[in-house]
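Here it is, the structure, as C-alpha cells.
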Amino acid sequence: MSLEANVRLTLGALDLDIELSVDEAEVVALLGPNGAGKTTLLRAVAGLVPLTSGYVKLDGRVLEDAASGKYVPTERRSIGVVFQDYLLFPHLSVLANVAFGMRSRGMPSHEAAEKAAQWLDRVGLSAYVQDKPDALSGGQRQRVALARALAPDPRLLLLDEPLAALDVTTRAEVRRDLKRHLTTFPGLRLVVTHDPLEAAMLADRLVVMENGRLVQTGTPAEVTERPRSQYVADLVGVNLLRGQADHGSVRISDDSVIAAAAAESGDVFAVIHPRAVALHLRRPEGSPRNAWPGRVSGVEMLGGRVRVRVEGDVPLVAEVTPAAISDMQVAEGGEVWVSFKSTDVGVYPA
Amino acid sequence: MSLEANVRLTLGALDLDIELSVDEAEVVALLGPNGAGKTTLLRAVAGLVPLTSGYVKLDGRVLEDAASGKYVPTERRSIGVVFQDYLLFPHLSVLANVAFGMRSRGMPSHEAAEKAAQWLDRVGLSAYVQDKPDALSGGQRQRVALARALAPDPRLLLLDEPLAALDVTTRAEVRRDLKRHLTTFPGLRLVVTHDPLEAAMLADRLVVMENGRLVQTGTPAEVTERPRSQYVADLVGVNLLRGQADHGSVRISDDSVIAAAAAESGDVFAVIHPRAVALHLRRPEGSPRNAWPGRVSGVEMLGGRVRVRVEGDVPLVAEVTPAAISDMQVAEGGEVWVSFKSTDVGVYPA
Amino acid sequence: GSGGTIQGSNLSDYASVFAAASLTDSFKALGSAFQTAHPGITVQFNFAGTPTLVTQIEQGAAADVFASADTTNMDKLKADGFTSANSQVFAHNKLEIVVGAGNPKHITGLADLAKPGVIYITEAATVPAGKYALQSLASAGVKVTPKSLETDVKSVVSKIELGEADAGIVYVTDVKAAGSTVAGVPIPDSVNVIATYPIVAIKGTPNLDVADTFIAYVLSADGQAMLQSFGFLPAS
Amino acid sequence: MRRERVPIAVGILAASGAAFFILPLLGLIVRSPWGDAIKALTAPDTVEALKLSLVASLSATVIALVFGVPLAWVFARVEFRGRNLLRALTTLPMVLPPVVGGIALLLAFGRRGLVGSWLDSTFGITLPFTTAGVVMAETFVAMPFLIITVEAGLRSMDRRYEEAARTLGAKRWTVFTRVTLPLIGPSLFAGAVLCWARALGEFGATITFAGNFPGVTQTMPLAVYLLLGTDHEASYILSLVLLVISLGVLVALRHRWLGSA
Amino acid sequence: MRRERVPIAVGILAASGAAFFILPLLGLIVRSPWGDAIKALTAPDTVEALKLSLVASLSATVIALVFGVPLAWVFARVEFRGRNLLRALTTLPMVLPPVVGGIALLLAFGRRGLVGSWLDSTFGITLPFTTAGVVMAETFVAMPFLIITVEAGLRSMDRRYEEAARTLGAKRWTVFTRVTLPLIGPSLFAGAVLCWARALGEFGATITFAGNFPGVTQTMPLAVYLLLGTDHEASYILSLVLLVISLGVLVALRHRWLGSA
C-alpha cells in the first residue's frame, strides 16, 4: 500500500521530472531550495496541475495517467493537504473550516460539527471553535489546518512547509505536535520543507530535489553523512568536493589533489567536516597530509563556534573556537594555512 | 552621535512602550517574537507611525517630539530602510530603484544613474541593471534593497528582517555580504530579526522585546548566558527557572528546591544547559545533588544530538547522544530520572 | 362593453392609446373625461415621441389607438399595413415663437430671430416642428442660423425657460402648456404652417370597438372642446 | 497610520472635481419649487412610478445576479475562443445610446422580434410594454456593471482557496457556492449596488422597449421626463427624490462595497 | 493550471446571460439595410458626428483623468467628515436620468446658471451649444466610472510602496506621480476605458446641455437618434458603427484593463 508517482511537467521556468514513492511505514520529507518544484510536485499529486507524462497511483489505483488520459479529479482523491499558508477559509468559523471536508463528502451537518469539535479538542483548540481564523495566532492556525486536513480521514496526507509561517519559538512547539500527529496518522505521509533540521526531525526518509529533479534520497543520517550536491552540503554545513579518486588521493582539479584514507577509486565525492579543518598562521608541521595557504574571505559566529571561509586552491570552511580566532588574530582578507587529516576525508562514489 | 528614541504608542492590540538607543560604534539587533512590535518601532523611528508620547532624536536633532508636536516628515529624515519583503518598485528597473532615493533628493538623473550603477556593482549586480525586480531571485532582490537604502548616504540604516524572505542556503551567503556592508557602513545601524543566530552574527548588541516592552539588552554572549525571559531561553535553547536563592539553593516553587553552587540570594534566574542535564533509568547515585523522577514528554533529534523533555517537579530539557537514547530505550511517556550538578546551574539576579 | 372578439374576454372594456408626447396633458384630460362618460371602460396611455411609437407598433406593441403629431409617421404606419381604416384628423396646431417670460429681447416677429445677439434654436428637420419652422421661415424670407437643432419641442421650450436661448419656434400648445415661464409671439397665418394630428385604430386589435369609441369621443364636440382648451385648433 | 496630508495640486484638482458634481445638484435644489413639493410627491402617478421604479430596479438586480455572476465566472475562469469578444459584447449596453438599446431589444424580444415572435406564438408571452419588459430593459443596461465588477473580484481572489476546498472533497458547485461566492462577497455587493443604481436611473431603453404606461411601465425617470414638458420644476423635485433615495443607499452601503470605511 | 470545467448550472445561466446581450445585437444586424450602408456611412453629417464623438469622448476621458484621479485619491486616502456623502454624490450621475443630469448642468453652468452666469458676465464664456459643452456633459456622466475604478485600485494597492518611497526622500508629489500612479496603472487604465466607452454613448445629458448642431455638438448618438425619426433602419447602421468602434477598443484592451488575458 503506497503512493507511487512519476511526474513530468513544465510550468513556467520549471521543468519537473521526478519519481516519488511513499510507503506506509515511513514519513517522507521532500527537501529542496526555493523554486525546486516541491509545491508543484505536491499539487500534481493532488491533481491540481496536469501531468505532461507519467502517472500518480495511490494504493495501486491509478489517479492519473497521462498516457491513457485517466484523471480522478482532486475532490475524489482521498487526500488531505496542509498548505504552506494554510488557506483557512476566512469567512468560516474554525469549526466550519474543520467540518468542511466532511460536509463536502456528504456527512450530515450535526455529525460533521461533532467530529470537527472532537478534532479541535485533539489539537487543543476547543476554546476557539466559534472564532474566525484571523483571530488565531500562527501556531493555532497551523493546528486548525492540520485538523481540517485530517478530519475527513484521508489516505494520503500532504504537508507543504507546515511550519514555515511560524516564528522560531512557536515552531519548536508546533513541530512537536506535528511529529506526534504524523506518527499516529494511519495513512501515507509526505512533508515538504526546505529546512534540513525540520526534515530530519519529522521524517524517516528524505527526498532531495533541485531544479525539478531528484538529487538524493535516504535517511536523514545517510543524507547528512554523504551529501550528493552542493545544496545538501551547504544545508548540512560540510565541505563537499568532487573529483577522481586514485589510490588514496582525490584529484579535485588540474592543480589540486587531496590525500584521503579511502580505497575508493573513480568519480567520487569527498566530504570534510569544518571541525576537522585546522587553521594556522604558518605552514603546519607534522601529520596532516593536506595543507595549503589561502585568504580569509569570511568570519562568522555560529552557536559558540566560529566559521572561517578560506579561499585558495580548494576553498574550504573551517570551524574553530572563538579563542583560537582571537589568538591568531584572524580577520577577513588575512593569509592563513588550512590543513586536515586524510582520515577526516569521507570518500564515496559520485 | 547616536539615535535616541523613546516610543510610546498604541496600534490595534499592540501597546508599544520602549526606549532605544543606537550608537555609532555598534550594530544593534532588535529581537522578539511575532507581534512584539519590532516593525512598528522601526516605523515609528522612520516617522511612518505617530507617537502618542515620547520622542525620536538623531544626532541630537529632534525628529519627533509628541510633547511639543514637532515632526520631521519621513522624507526629510536621513534614513535608509530595508523592508522585510524589500518593497522594490515593481514598475522600475533595478537601476531606477537604486537611483530613486538620489533622484528624490534632487540629484540630476545621469549622476544618480551613475552612482546607482556603482552601488549595483558593489553588490555584484552589474549584469541586472536593466531588469525589473521580479526577474531577480530572492537573494538578488535583497541586495538591490540594500543598495537602494544605502545609495542616498543615510545617517541611519534600518533593516527589517533583511534575510527572512530567503531560503536557508541563500541566507548564509547573503548574511555574509550583509555583515560586510553593515561593518563598513559609516552611520547608525539597527537590524530587526527574530532569529537569534542571525542577531548574534550581525550585531554587537541585542535588544530583546516582547509585547511592546524591552525585556533584555546586552551583547550576544551576555544575552545567551543570562537569558531573562522564557522567550530568550527558548531561543538560546537552555532551561530557565526563576526562584528565590538562599545560601546555595534556589526555591523554584513550594515543592521544589534546586541546589546551585552560587552565592546569590533573593530573586534570581537559574539557567541550566540541557547538555548538563543527565538522564537515568533509576535514581542516580553519586555527586549530582539535583535529581528527581519525571515522565518523558518529547524526544527530538537536533543536529546530531537528542533533546528529551522531561515533565516533573521542575520540567527540564536534557540533551544527550543518540547512543544513550537507544541504550536507555527512552520513549515518550517513559519514566526517567533527571540529574544535574549544582555547579552547572548558573544563577543571577532577576 | 360589447364583446365579440376571439378571446371574448373582458379585454373589450379596455384600450391602449399610443399618443405623441406633445399630447400628454391634453390626452390625459381627455382620458378622464372619456372614462367618466363611459364608466367601466379604461384607456391607458403610452406617451412617447411619434417615431418611437411607430417603431413600437411595428415591433408588435399591443396598441389599439395611435394618435400622431404628424401625417408623415401616420402615412408610414398605414403604408406598412398597421392601420385598421383611414386615419382621421382630430386636431390642428400652428407655430408660434417662444421667448423668455417678459420677452426680454423684444422679439416681435420672425424677422427679429435674425437680429444679432439673439440666440435662436429650433428642432431638427427630421422632427415635424423643425420641418414646419423651416417652411415658415422660408415663406417669410428670413434667413437665420439656429444655435441648436433640438430633438423635440420640449427641449426647445426647456432651453428658453432656462434662458439658454432667446427664441425658438414651437407649437402654440407648447407655449400654452409651459405657462407663465415663457411667452409666445404669434406668427402671422400668412407665413405660418398648420400641423395636422391624425388618429387611427390599429389593425387586428381585439379592442377595436373600444378604440373606435375613443376615437369618436376625441372627434366629438366634448373632445374637441377639451383639446381647444389646451390650445389646439379644431379638426375641421 | 499617520494622517495623510494632501499635496496642494491634488487638493485643488480634487476640489474642482467635486465642485463639478456638487454644483449641478445645488442647481436642482435651488431651482426646485419647494412650496409645491408635497403636491408633486403625493400625486398618485408619482407614488406609482416610485413603487414601480423600486420593484423593477430590484428585480433587475436580482436577475443580473442570477445570470451575471455565472457569466462573470466563465469570463474569469474558462478560456475559450472568442472570450474577449463575448466579454466586450456584454459591456456594449454601456456604450449604446439607451434608445438604440431599447430598439435592439424590440428587434430581439418584441412581438415581431427574433426570439419574441417565437415566444409569442409558442407560449403567448409578450415582453414589451409590460412590467417584465421594464425589468428586462433595466437588466440589459445595468447588468454590465455587475459583470465587470464581479469578474474583477474573481480575478483578484486567491484561487488557492478553491483548490483547498477541492482537496477537501468539495464538488464544483459546492466550491462555487460555499467558497468562491463568499470570498468575492465585497465585489458581488459592489457590483449589485452599481447595477441597482444604474437600473434605477434607466430611461431610454425603458421608454422604447417597455413604453410609458402609468402603473405598468412608467418608472420615475419616465415620469420626470413627461413632467419636463409641462411642469419642469416639479420634475426637479421628482429627480431629487430619485437622487435622495440612491444617495441614501450609496452612503449607507458605500463603505461596505468599497471594502473599508 | 488544470483546465477549468464548468458546472452545468453555471454554464446554462452564463449562456442565457450571454444570449441576452447577443440577441439584441443580432436583431440590429439582421434588420439593418446593408445595401444602403455605404451611403449612410459616408454622409457628411455622419462623418462629422463620428469625428466629434471621438474628439469629445477622448477629451472627456482626459479631463476625467485630470480631476477624477485626485478626487479618487482623496476619497481613498484622506479621512474627513462627509467623505461618504461626497463620494456618493460623485456617483450620482450614474443614477440620474441623463436628461435630468443635463438640466442640472444647465442650472449650474448654463447662461443663467449658478456659476454659468458669472462665467458669462465675467469672461463672456458660455458653455451650452459649444463643443466644450459636449465634453462637459460627457465628463459629468462618465467620470464616476473612472473615480470608482481608480479609488478601488488605490485601496487595494500596497501602500507600503509609498512609505518606501518616502523613506527614500520622495516628496508627496513625487510619491504620487512616480510610485502611486504607476502602481495603480491597471486600474487607471480600466477606469479610463470604461469612462471613454460611457462618454462615447452619451446622449441625454449632451442633447440637454449642449444641444444638437452638426459639426459642433452633434455626436453619433444624437445623429442616430434623429435618424430614428426618419430613416430608422439607417440609424441601426450608425449604431452598429458606434458599437464596432467601441467593441474594437474593448476587445483590444480588455485583457489589459482586466489585468490578464
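Here the chain labels run A, B, C, D and E in written order, and each chain numbers its own residues starting at 1.
Keep in mind that, in the parts below, a residue touches a chain if its C-beta (ideal position, glycine included) is under 8 Å from a C-beta of that chain, and two chains touch if they have at least 3 such contacts.
Everything numeric in this text was worked out from a predicted model, so none of it was measured.
Novice: Per the definition of touch at the top, where is the C-beta contact count highest among chain pairs?
Specialist: D-E
Novice: What is the chain whose Cα centre is as far as it gets from that of subunit A?
Specialist: C
Novice: Taking each chain's centre as the mean of its Cα atoms, which chain lies farthest from subunit B?
Specialist: For subunit B, the chain whose C-alpha mean is farthest off is C.
Novice: For subunit A versus subunit B, which are copies of one sequence, does the interface use mostly the same residue numbers on each side, meaning over half shared, or is it different?
Specialist: Copies use mostly the same positions to touch.
Novice: Centroid of subunit D to centroid of subunit E, CA atoms only: how many Å?
Specialist: 16
Novice: So how far apart, in whole Å, are subunit A and subunit B when each is placed at the average of its C-alpha atoms?
Specialist: That pair's centroid distance is 24 Å.
Novice: Taking the mean of the CA coordinates per chain, how far is subunit A from subunit D in Å?
Specialist: Roughly 54 Å separates the two chain centres.
Novice: In angstrom, rounded to a whole number, how far apart do the mean CA points of subunit A and subunit E lie?
Specialist: For subunit A versus subunit E, the centre distance works out to 55 Å.
Novice: If you look at subunit A, which of its residues touch at least two other chains?
Specialist: Correct list: 48.
Novice: Do you know which subunit C residues sit against two or more other chains?
Specialist: Those would be 52, 55, 158.
Novice: Could you pull out the residues of subunit E that touch at least 2 other chains?
Specialist: Residue numbers touching two or more other chains: 3, 103, 106-107, 172, 225, 228, 232.
Novice: Help me check something: in the complex, which residues belonging to subunit E touch subunit B?
Specialist: For this pair, the touching residues of subunit E are 158, 160-161, 163-172, 174, 178-179, 182-183, 185.
Novice: Under the stated contact criterion, what part of subunit D meets subunit C in this complex?
Specialist: Within the complex, subunit D contacts subunit C at residues 99, 103, 106-107, 110-113, 116-117, 120, 126, 128-129, 207-208, 211-214, 216-217, 226, 228-230, 232.
Novice: Across the complex, what residues on subunit B touch subunit A?
Specialist: Touching subunit A: residues 33-34, 137-138, 167-170, 172, 175-176, 179-180, 194-197, 200-201, 220, 231, 234-235, 298, 300-303, 332 of subunit B.
Novice: Within the complex, which stretch of subunit C touches subunit E?
Specialist: Going by the criterion above, the answer is residues 49-52, 55, 119, 121, 124, 126-127, 146-151, 155, 158-159, 162-165.
Novice: Show me the residue ranges of subunit B that touch subunit E in the complex, using the header's touch definition.
Specialist: Answer in residue numbers: 43, 46, 48, 73-77, 79-81, 83, 87, 89-92, 100-101, 104-105, 148-149, 152.
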